[in-house]
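Below are structures written as structure tokens.
Two complexes, one shared chain (chain A), two partners (chain B, chain C).
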Partner chain A sequence: MPDLQALVTDFVLKLKRRKIEGSQATAKQTAELLRQVVSQQRMPYTNQASVLIDAVRAVGEQLIAANPIGELSNSYLFLAVGNIVRRVLHIIREENLSSTTAAMEGLGLTAGSDDDEGEHEDRPGLSAAAVAAAARSTLRAPSLQTLLEDIPESAVAPHPSSSGGDSEGKSKSADRGSRSKKLKHDVIEAINELIQDIDTCHELISEQAVEHIHQNEVILTLGRSRTVKEFLCAAKEKKRTFRVFVAEGAPRYQGHVLAKELVGKGIQTTVITDSAVFAMISRVNMVIVGAHAIMANGGVIAPVGINMVALAAQRHAVPFVVVAGSHKLCPLYPHNPEVLLNEFRCPSDLLDFGEFSDCMDYGSLGGSPLLHVVNPAFDYVQPKLVSLFITDTGGHNPSYVYRLIADYYSADDLVVQQNST
Partner chain B sequence: MDNRRPPRTVSDPKVRQVGFVTPGAAPPARYLSEAPTAAAASSPPSGDTAPPAISTSPVMIPPPRHSPSAPLAVPNPSRRDSLQIQVGGYNPPEVLLESPPLTSPSSRMDDAVSQFSEDPSISPCNGRSEAAKVASSFPGSSGEMMVMKAGIVGGGSNTPKSSWTTASVAKTRPGISEKERGAVVGMQNDGAGVSKTLKEKTTKAERRALQEAQRSAKAAAKESGAGVKLSAAPGGAVPANTKQGKVVKPPAQKKDGPQVANPSVSSEKKVVDRPPEKDRKKDVPPPRMQFDDIHRVEKAKRRAVVYQFEAKNRVELFRHLPQYIHGTQLPDLETKFFQLDPMHPSVYKVGLQYLSGNISGGNARCIAMLLAFREAIRDYSTPPEKALVRDLTAKISSYVSFLIECRPLSISMGNAIRFLKNRIAKLPDTMPESEVKSSLQSDIDRFINEKIVIADKVIIRHAVTKIRDGDVLLTYGLSCVVEMLLVYAHEVGKQFRVVIVDSRPKLEGQVLLHRLVAKGINCTYTHVNAISYIMHEVTLVFLGAASVLSNGTVYSRVGTACVAMVANAFRVPVLICCEAYKFHERVQLDSICSNELGDPDVISKVPGRKDLNHLDNRADIENLQLLNLTYDATPSDFVSMIITDYGMLPPSSVPVIVREYRRENLWI
Partner chain C sequence: MWGRSASFLLDKRLRDQHPSLSSPSSSSPDSTMDPNPNPNHGVSAYYQTRAEHHAIVSSDWLAQAQAAVDREDDTALMERPHASAAVSLSASKPFSVIDEFNYWRKKPDLAEAVAAIMALAAVIRSCEATTMMELEIELKKASDTLKSWDTTSISLSAGCDLFMRYVTRTSAVEYEDFHAAKLRLIERGEKFGEISMKARRTIAMLGQDFVFDGCTILVHGFSRVVLEVLKLAASNRKLFRIFCTEGRPDKTGLRLSKELAALGVPVKLLIDSAVAYAMDEVDMVFVGADGVVESGGIINMMGTYQTALVAHSMNKPVYVAAESYKFARLYPLDQKDLEPALHPIDFGVPIPSGVEVETSARDYTPPQYLTLLFTDLGVLTPSVVSDELIQLYL
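And then the complex of A and B:
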């Protein structure tokens, strides 16, 4: 355990110091850390799932609390951490559910008590059963049978916590002994799968490149995203010739890096300044950008400047395509995302330190300084500006994102930090 | 806006009201009273008196100053007054200039003959071939000068052309001139006979006189809005003359036609029957040089003073625009500084400053150019055997082509050059050289003062009425009008905050930021990518413009369109501040057909970011291009209002301004 605690604090420190670059790396490392948490967790005979959930949630809270501003206004790194924590929680629930339903079906009992007990203990405030039932209905594959089954279940669900709890617990306890190893093992397996998914999402996405990029297409992108790079390179490898305009993406100028990478692959690349985006967009066939997070409403949190590109693309009816792995799907609905989901970088990106020190003196006489430098890191792109999301599960409309999210997250976990609030 | 407009109570049909008009204001009086205050406030505005008057006063458009047809000597007295009041340093001789003494052609003819009697080659033909010789001895722009001469000989009617066309027309010139010379010589040889010398003498003088008279007639005709009708010229010309006219006339040049006209025909008569369509046709701006046309580029290169290297790895989309390796011209030019004969040092200096980017911005470049021309005119003396008007026009044209080689002309400069050439073309021949020079210099001063300095003040007075307390004003880059506006608004005590949006590579916003913060204005600085973030708090956007085109498109520093677009998306009004002399009748839909390419290397290097060296050896990489656009075109639907010296207009009114005031711009 101290070993684990050390790992967690180490990771938190890394996050705080921005040592981890990119949401993909963050997601992967978070998943690996949570795998450690799960594997080191000692499993009791009862309530295994809830124990696991508690452990993961505790770590997740720690990770998210590392963000100085709080969870709702977290940067993309913390969005990624939160996403992965939720994903792991969801995996545990799902694995538990599948094992219990397998057991239940064998015993001929109704499902649903297992989760109730766990939640009964640690958070009596929530109407746990209702939430769990709702969650379960979304977890299962929507077949006619489950639809039929769920109707009585949800009607019954609020009650059984008092009556059925003890009896069921006794009857199932023997069974759980045999399942104890199995659940943990399954969860770890599933987390491994998740890590693998994160690793391979680029390949899955770039496989679709040829379907979207045609011969002699002119593509515009801004900044650098690994997914975009892989996407374009995949199209190039399939013998498509096209031209790419890369807006440099001030103030990080990652566009330069992307341009160099693309040129290395033999793609015709033109670097333009960000201000020339509007001038060039009239000759562009498609805008392809990466994202930091896809919000539940289909909005996109992306590097700063993308909203400008999206507006220009809309004006010229150019398709605006966002490529992102499914680990970037975020189950939160954005509220005032330009401010609350943003992060501000150092002003020295824009102005040299000391250049305006004399002006600062002048200004501070009046109480507040005369000069403010605003250097936000992210833009929020409204769902209506996005033409298509290309994820590792295929292409999706912005209006469909909410459903994708229901596939990956459980409604219980939307608020990770519930104890503190 | 429409329902606020009062019913047409104004009796004077010439006074038009545009923009926001308060009912009950007496427009003409207001306008006149407003003008002096604007003129008087050449010192920093005192702040108390002017703004209230402005805020209530309607925005007036004075009647366009179409030059009335013949009796120019009796202009509208009221207009004269207003002109005199408006322009501070304005002395009577210049007012006289407005009405060139259109005395009888004969007397003028005499004058002209006496003036040029010492000229050995009086015949236009010989004169031209002479000019060609002289011109070809200049290193660079002989073709250009030739064209200008030909134009002047042809009646001076093609002077308002932009220099782009002259450059393109110049392509065909040299060969033809050779031919002409040959033809003339041949004609003189075979058509001579025994009485060759005698005949030549008489015809020379006659032809010369004819020429002068025709030119004056033509000028008069032109300024009255109509020209000489070709067929209206009755015979009466000497046979030799017609013959010559035929010989002289190059196949493409129709302007030489009126040469055949008889001097005895009064100019007033010809004036009337010119179809207006012909004049209308001239409104269409000439096509610009397309640099993907290899032949033309080759020819242009041969004439070039500046030795330039074409950049490698050019963007396919922008083949039609010139792009040179930046900095290669500079050392070459510097070595030429002392040997470059035809260039005046002040013009040369300005050219180098354009090249190095020390002077940028439409107004600054225009003023610098005009001042350089002014100096050149001051030091100008008509060489022997030359006519002042032709030689000076040719000189100016060669200066202009040199400046174009340093950096493509801005539209403001193009308009100013048009103005200057018109002034020169309109000069009466009888005027002594010193007077011509002083009048041209004061013309230039007047243009700078009236069209730029005072226009800016008027714009500021208009614009400041739109700023309310508590506003957050956003501006992009560095526009001198907007800067003056912000400073002025601060001085008159408006409470506001400024957001300065900037972009690479020029980072002109930092300059503005320095100046505004030094003035004590509360500023927020950000880059263009963050525009969607910052736009939430903005209430008004003020932008400058390099030009406003006839379809309402605002042609301005690259990035302006982005700012206007985002402002439009956030429902923030976009106000464009632009002097009316920058309006142009050209139309443009995108930023690609016409633009200016900057130095691509500045894109790869980010100052202060040593770690960004990914694009360093870009010349070796074949697939990589860097594109540094200088301008972009903002569609008119992003623009809420254009503030000019004629008032505040919607972008749809730009063609009206262009139509009504273009003539006035030319003939100030």
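And then the complex of A and C:
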């Protein structure tokens, strides 16, 4: 679809040029793009789910491949893109499965009798309920319960269409026609729910603020996270009195912006430098920060400086709380190069070119200056340093993250790129 | 090959009488053929199997093996009717679940739990029950026999429990016809060998992802799963080197280094005490597991706990590669909470009388020292284990 292709390239350009601010907007626009892909996809009579999955995968690969590793200074946005692509793939598989199990249970005894002929001699006497139950288990992440079971791929999706095809004739084909529309419809509905979840994640997180922030507490944060801001403001609105220390978050100094916003809401705020965090941490009751992404092991990709805050918090036994929407949950592990390699931002944030131009001049001194300036953008915080994750689904331990991943993602979708390494 | 440990004890006995080593005679009973391992030997049958599978072949061992085989033919004829009378329902049936289990266990590539499940599948095949309840009762009996035969092996009891749960669950609703159900159970049980091979391949795929170019991996113990991971990483042209601990007294380091050298991977052998010394240069630690307990900790060869402690204190990740059927419903609170599994240790010189030797073959590593578990269910943090077990048993 040339129309669709144009949309995709447009989106990729916007990402590269940083026209999209923040992971929430990125996630929402990715979901909307994928919704377009699904609704414009022509659906055949059989194997609908795989057609959809292939289409979404193709677009997903294009989006993710547009981020050459380590080159762009907003690669965490591409992580968000990857998350949403995988979420949509999982949605397609789930919707497909629930519609086929409903169809199979509806077919009931007829499916059972069709089974005995032809293809399924190796499973004599299996009731339709058994096949449905087994098919359901293929979607769930593999577990000890299903270890001994063996349901081949053919048991899912094409099964009802192939078994009923010849014998039932017209009534089945009408049924199939309506089912194909139904799958698309279900998937689009589910994507709409996903978009709504992304939209409302801040409200859901902020609702939990009152449980965590108590009267007369001192909170520390670093830099400016929109989620943290709304979290603190929600607590203020529920009449909690507390104070906030804001570490300025060099070299972008977004902490200054946050401090101004908090004062505007009537919260007592203190601004400190990043280097002062260790000195002030003993006066703090709790640290609340935002994150760019949450990894599958519970580790956190956060703006630079937050690892230092986490270490200080651990040293002084201060709870370290991370607030993040569930669209930031990434099924990858930190060893993955997509995640591991840090971004380096512009050195002019640190040093003014004018003053230091002779030290940093690549033209003189044989092309290799003695002065280098490094401006990394991210920090990786180990899971053992995090006390609690607050997401739109509630508060969770870092060791619980694997469950959320199993709920939102399928194991088959972890590698979206086909021809890597 | 069973002669290995039996001959050691023979030699010891001979040495106590004469100072020179002599070749084995055929008088000591071979504990693997007994329904119960002889407690006087202080040798766990489980560790005997491991020795059997992986012993380095040398000429005197071949001679011992030959002597052992000669002995087996004699004892087998005496033992078999006795064993079968003990375990089968009717005296006329020669079927013995222990024999079946031993048969499968001999195959070097087969894990302990797989052998147990194959043996139980064979029990179903040969049983004469006509209802699910009868079948389950017979299976339970066979499973208890297997477990009591070797009380130290965790993966054996975990495998038995897993199969029993599967039988109970499958029989409940889904099969109208008993014979169909029985056939299916037999089929799944026998296919379990394939499942276990597939499990190893999955784990290899997941684990080799964590091996990056230029890394140094410390390996302790000889685990076929870990070997599979390293083989796959090597075949994917990753450049890495291995530090192998010697693994006294099982000589696991020597065996492993032989395998890895064949793959062209640079290997360095360390004595067990050199782990802390070398830990600086190491990027990650890989171990297998004899069993994974409910807390998320692992039971593995002696020395694993030590290695994990050192790695933890130097912030190196410890990765465990274990198949999911090794998850067991145990919760050891300390090292002594396990069934003692002993194996003989040869110091090369006679030990003075009055001096005790710690002969335990395995230790328990608590979950806080482990970073990630690679299983066929995916890459898991240690806290997932109890979740999986709860889902299975409740």
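Operating definition for what follows: the second predicted complex is superposed on the first by the 328 of 421 C-alpha atoms of A that agree within 3 Å, B and C clash if a C-alpha of one lies under 4 Å from a C-alpha of the other, contacts with A are read in each partner's own complex, and residues count from 1 in each chain.
The rule is simple: a residue touches a chain if its C-beta (ideal position, glycine included) is under 8 Å from a C-beta of that chain, and two chains touch if they have at least 3 such contacts.
Because the structure is predicted, anything quoted here is derived from the model rather than measured.
Asker: For A:Glu248, is the partner it touches chain B (first), chain C (second), both, or none of the two (neither)?
Answerer: After superposing on A, A:Glu248 lies in contact with chain B but is clear of chain C.
Asker: Where does A:Tyr408 make contact in the superposed view: on chain B (first), on chain C (second), on both, or on neither?
Answerer: It touches nothing on chain B or chain C.
Asker: Under the stated touch criterion, which partner chain does A:Ala296 make contact with: chain B (first), chain C (second), both, or neither?
Answerer: After superposition on chain A, A:Ala296 lies in contact with chain C alone.
Asker: For A:His335, is the partner it touches chain B (first), chain C (second), both, or none of the two (neither)?
Answerer: Second partner only, chain C.
Asker: Quick one: classify A:Phe356 as touching chain B (first), chain C (second), both or neither.
Answerer: Touch partner of A:Phe356: chain B, not chain C.
Asker: Counting residues of chain A in contact, which comes out ahead: chain B or chain C?
Answerer: If we count touched residues of chain A for both partners, the winner is B.
Asker: Would you sort A:Leu144 into first (chain B), second (chain C), both or neither based on which partner it touches?
Answerer: In the superposition, A:Leu144 contacts chain C only.
Asker: Given the complex with chain A, which residues does chain B contribute to the contact?
Answerer: The touching residues are 315-317, 502-505, 510, 513-514, 517-518, 520-534, 536, 558-559, 561-562, 565-566, 569, 590-592, 595, 603-604, 606, 608-609, 612, 614-615, 621, 623-629, 632-633.
Asker: Mind pulling up the chain A residues that touch chain C in the complex?
Answerer: The contact residues of chain A facing chain C are 122-127, 129-130, 133, 141-145, 147-150, 296-298, 333, 335-336, 383, 397, 399-400, 402-403, 411, 421.
Asker: Quick one: in the complex, what on chain C touches chain A?
Answerer: 162-163, 165-166, 169, 173-177, 180-181, 183-184, 187-189, 191-192, 195, 209-210, 212, 236, 324-325, 327, 372, 376-384, 387-389, 391-392
Asker: Going by the contact rule set out above, which residues of chain A touch chain B in the complex?
Answerer: Going by the criterion above, the answer is residues 243, 245, 248-251, 253, 256-257, 259-260, 262-263, 266-280, 282-283, 304-305, 307-308, 311-312, 315, 338-339, 342, 350-352, 356, 359, 362-363, 368, 370-376, 379-380.
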